[in-house]
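Take a look at the structures below.
Common to both upcoming complexes is chain A, partnered first by chain B, then by chain C.
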Partner chain A sequence: MTLTADRTRKPAADHRGAGKRSRQGRETFVLMLPALVPVLIFSVGPLLYGIFLAFTDARSGRNAVTSFVGLSNFGDLMTDADFWASFRIGLIWAVSVTVLQFLASLGLALLLNEDLRFRSFTRVLVLVPWAMPPVVIGLMWRLVYHPNAGILNSVLTDVGLLDHNIDWLNDFSIALPAVIVVGIWTGMPQTTVVLLAGLQGVPKELYEAGHMDGASTFRRFWSITLPQLRPVIVTITSLDFVWNINQFGLVYVLTQGGPGGQTRLPMLFAYEEAFRYGFFGYAATLGVAFVIVVLAVLGLYIWRQMREAN
Partner chain B sequence: MRTRTALAVAAATMAALTAGCSSGGGAGGGDQAAGPVSLKFLSLAWQKESIAANKQLVDEWNKANPTTKVEYVQGSWDNVNDQLVTSFEGGDPPDVIHDDSPALAGFASRGYLMDLTGKLPADLKSDIPQPAWDTVTFADGKGGQGVYGVPFLQESQVIIANKKLLDAAKVRIPTPDSPWTWDEYAEISKKLTKDGAFGVAWPLKSPVNKVLNLGLNFGGTFFTTDGTKATVKVGPEEREVLQRIHDQLYKDKSADPSALGMGTADPLPGFYAGKYAMLPAGVYLRQQVVEQAPPGFEWITIPPLKGTTSEQGATSQTLSVAADSKYPDQATKFISFFLNSTNQAKLAKGDWLLPTSVKAASDPSMTTTENGWDVATASAKDLVVAPYLRVNGFDEWKSKVATPTLQQYFANKITLDQAAETLVTEGDKVLERYNK
Partner chain C sequence: MRRPLQYLALLGYVVFLAFPMVWLLSTALKTSREMASLVPTWIPRHPILSNFADAFGEQDLVGSALRSLAVAVACSVLTIVLALPASYAMARYRSLVSRFAVGWVLVSQVFPFILIIIPLFMVLRSLGLVNTLPGLTIVHVTFVLPFALWMLQGYVRAVPRELEEAAAVDGAGRIRSLVKIVAPLLAPGVVATALFAFISSWNEFLFALVVLKDPDVATLPLTLVKFTGAEGVVRLGPLAAASLLATIPSLVFFAIIQRRLRSGLMAGAVKG
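Then we have the complex of A and B:
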């Protein structure tokens, strides 16, 4: 848009130019207004309000008095051991889900890219988890993991791998891995579909050339497929990372952050602070801190990838 | 110029929208006198019999009072407090709210609930003894005190036992007047531990309330309150019950360690199979035993144990009126009807809990020897207000500090000294936020 504006302005570039430019800017603004109002009211407004809350001691209650406390919430956050525990769990969760999900999806996408029988049918089948809301997925997996009536325990017992029932979601050391498995399962369709689309965009000639030069299958994958897929991989893993670290519904349904906080992801922590204990200001601080962390991690990652690509 | 006009228009639109939202809430209050009023009643009944009893009472009320229509809304204990916080903050809470006294303490100090002092009929007030009223009397957050609900159901901790195993071991069957002491109970548990069976199963998945309520047996309060400030205390009195349960698990080996991670009802299949002879539980668990026990299974209810006293910490299920309710008078009237002694007996029977009403407790259905009702009802006399009810921030202490610490202690991963240290230091840090 700026380009076109520049070009049309050029011929009349004299002393009247400045006035014309600002009028055009104004017209653009008026035209954008109908779209801007809902964005301002429903998106920017609450966002600013949230950021504002982060600097107050807002609490729930009809007789609560809110006052401005500056950065003291951030100070509390830095020294809050529970927050750091939750942050650590959040990172373990987001990194392992993103990485494992990526590996599994890449495998699946490569498979689906081959000329197999019933290929279109399988491709549709892969999408099924995508169609399920996180709460339904959570409920379904809770049944799978149920200590006495769950299919997982009964299968493992039948096969002979287990001699007693495991309470997957309530065991201190197993709960987080169990939840991560569900996370991977849930996010696979998106990742697989995007990678598959990327694979289909890789020019066939490259493979033919590689074949001619006698490159092995692995070599072709390593030197042709991966470099060609790089932009897609960067995009989808960064998006996955953001989705995963902000995950709430799935884990809330599965464990509510238990046992003993072993699966308390940062967003669950914020939810508890706000709606269980009533510290709205502190919860908002946590949200703001998390936006900063996510932006920092993503910025670093994308910047490195871009630099390597250049 | 045009930019500024546009901005002004945008600002005006926003102002109009917000005004529209806030006036929407206020307009409803105007037409109070006109037409029949309608109340929302959030009920947390979950057992089948109890839901039926609740709905039946609501129907009865609606037939007798055509001008005040009560709408039954089903809630769930799992998420009721999150749900209530959002609806209180949103300004549209249910008029009549079923909850329990630990939750009321926080809501009362935040001004969400109506103070019922002086608003309840005298016969309801005198029918419920003072210790029960104590479980709903809280600070209002502005320096005063108020009554924020009507207590109607209470729970005491009893022991459900396999009668055949007890008879075979020839142990004394206690009565409410001469209960087992904790020492006697420990001896009996050892005696009952044989042939691969354990004397007792302690399901301690959520250990905090259980341990704190029983702690009073030895005078363990776990908190000291100085005015409005509370601090955690784990002294010799508090350690008694903790140590005794731990001893049963790891010293006497009379308690099954694999039951530790279970919820209260989970050991029942093992109990029916004779794997454990005794099961410490709330009185309501009798309902499941009656419904599920295999034919021919004989069981009895053992009265609460005695330490230095038989006192147990009590909380109550309650009905409250929201401060934002548009029809507080009608809501109070509905509560008075819903919780009269006849109806309390019905509700207590439906939930297998103890009614607070003295008249309801003397109802023949509450004193029959069948299904241990006589023992259960008699245990109500030792219920005193649980000390933690007065502690601001107890909920956070419980979920962040006490639950994981006690779980680790009972799993024998930390010592009693370490557990006590964590409960106090970490706990005081949590409570400090609320003492400000």
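Then we have the complex of A and C:
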């Protein structure tokens, strides 16, 4: 089969007119249907119903009577100190994980883009956290952070940085930073892989030109690499932010939100409201509020980045 | 001067990435007596494998692994069956429905799970599917579908339309050209997507936590977490061993996908 043969046929195919197009439409619909039905019933539908629930006092009981309460859930949310505490922790978590993860991954991607030994080994190693079940990642880090049997206390004591064992995940001021480190570790694969692909897409000629003009390494990074990488950076940091602010499983396994709510991310808070206390409506309100916050943050961020790029 | 610094940085990254995994392995090989000693060591003094055997005896771990396996296999098969026709339509014809599907892939990323999981829980409850594996399978399929569609339609796009048209010129019917020409070229992509669905389902924790309240139907991640609940130092060895075992399927399949993605099958097909 040669490609030239059907090139000549192509114009004919375009002239078949409207009858073919409507047949195509029907065909598309039939082919899409099996995938569309479950997504509509179990994903789009529930989502819309979830938004509706935010304006009701729905409870978890099977026969609980639900009534429409308008915006009163939102009022309760605005005055709920526990929510604001959780919201603050969520922002600290999402911003610091996203930023630190980005910086760490950019550094690693730059290294992996150089002609170093052990490069392919590291490229494989960096992918492993991606494949691990989040639950296992959580359990693994609990072993690392274990106050008595954990390796972290042991190593830090050996090098003289610690003189007593720290209970990393149960200490009021240390638990959140400790959990953030795990967040960075977990998300590094995706970010590194995407940034590395972006780096490999930067035209070599630009660097050669930079070299000719005598630009320093830093200068070339600042004036060539970063601007070229900008669309990739905006995309991956936006996605990371959304994933991080909606994080649940990892922190649930690590600390269950403790100690004393110091790591209770907004989604853990919402989960408890819904499935421990049974306040379905209120938890849905929190979800809706979160969509608004996330979209606002993302919109602002992407708008600013695009304006600077122009 | 630059090179040594670069290697030092690379070493730093390798240490950061690898040390928790090395520690997990080390813990899995230690005796309970060694775990209880106050001086943790990297290399077990008397490495043992009995933790792995103990893990099998713990807390119905084998049962929950089998349930996870059943859900993950059902999820990947169903995902392919549902997504394959749709992805073909998305790649070949431009239509409102395909645009909706692409939009949904993006939108579903932004919405917090809590908005979906509460009503979804209510839907499953009214269908009598709470605390059942089919219930969890449905949820997993629904959440893998958008991304699976996205992946698959990329693979379909990579099969040149010209090949199908050439088959038509040669007198092959529609079905015949799909089966003989498109299917073989698409097979690696289908396998990759199926494995992706498997990994997603096998690793999934949150939906399982909400849908499966009854410990008798718990999947592997749920059982592993419960394992930690009453955490005596003595049980850390079997816990680490079980965690390692639970990671193996995901890791192996992930490695296969990596290779598939790089395979130059398409280039050969078009040239031939």
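Note that in this section the second predicted complex is superposed on the first by the 271 of 310 C-alpha atoms of A that agree within 3 Å, B and C clash if a C-alpha of one lies under 4 Å from a C-alpha of the other, contacts with A are read in each partner's own complex, and residues count from 1 in each chain.
Methods note: contacts are C-beta pairs under 8 Å (C-beta built on N, C-alpha and C of every residue); 3 or more make two chains touch, one makes a residue touch a chain.
Bear in mind the structure is a predicted one, so any value in this text is a computation, not a measurement.
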(request) Please indicate which partner A:Arg276 is in contact with in the superposed arrangement: first for chain B, second for chain C, both, or neither. (result) first
(message) Looking only at contacts as defined up top, I'd like to know whether chain B or chain C touches more of chain A.
(response) C
(message) Taking the superposition on A as described, I'd like to know which of chain B and chain C A:Pro177 touches: first, second, both or neither.
(response) neither
(request) Once the structures are superposed on A, label A:Leu53 by its partner contacts, choosing first (chain B), second (chain C), both or neither. (result) second
(request) Give one of first, second, both or neither to describe whether A:Pro203 is in contact with chain B, with chain C, with both, or with none. (result) neither
(request) With the two complexes superposed on chain A, say which partner A:Arg26 touches: chain B (first), chain C (second), both, or neither. (result) first
(request) May I ask you to decide whether A:Gly261 touches chain B, chain C, both, or neither, giving the answer as first, second, both or neither? (result) first
(message) Under the stated touch criterion, which partner chain does A:Arg62 make contact with: chain B (first), chain C (second), both, or neither?
(response) both
(message) On chain A, which stretch or stretches are contacted by chain B in one complex as well as by chain C in the other?
(response) 29-30, 33, 36, 41, 45, 62, 275
(message) Which stretch or stretches of chain A touch chain C in the complex?
(response) 1-3, 5-7, 9-10, 13, 24-25, 27-36, 38-39, 41-47, 49-51, 53-54, 58, 62, 104, 107-108, 111, 114, 116-118, 121-122, 125-136, 138-144, 146, 148-151, 153-154, 185, 188, 217, 239, 242-243, 245-246, 248-249, 252-253, 266-267, 270-271, 274-275, 280, 283-284, 286-288, 290-291, 294-295, 298
(message) Quick check: in the complex, which residue numbers of chain A touch chain B?
(response) 26, 29-30, 33, 36-37, 40-41, 45, 59-64, 82, 164, 167, 170-172, 259-261, 272, 275-279
(message) Taking the touch rule as given, give the residues of chain B at its contact with chain A in the complex, in rising order.
(response) 2-3, 6, 10, 13-14, 17, 81-82, 85-86, 88-89, 106, 109-112, 141-142, 205, 258, 261, 323, 393, 395-396, 399-400, 403-404, 407, 433
(message) For a test of understanding, state which residues of chain C touch chain A in their complex under the given definition.
(response) 2, 6-7, 9-10, 13-14, 16-21, 23-24, 26-27, 35-36, 38-42, 81-83, 85-86, 88-90, 93, 95, 97-98, 101, 104, 108-120, 122-123, 125, 138-139, 141-143, 145-146, 149, 160, 162-163, 165-167, 169-170, 199, 202-203, 205-206, 209-210, 220-221, 224-225, 228, 233, 236, 239-240, 243, 246-247, 250-251, 253-255, 258, 270
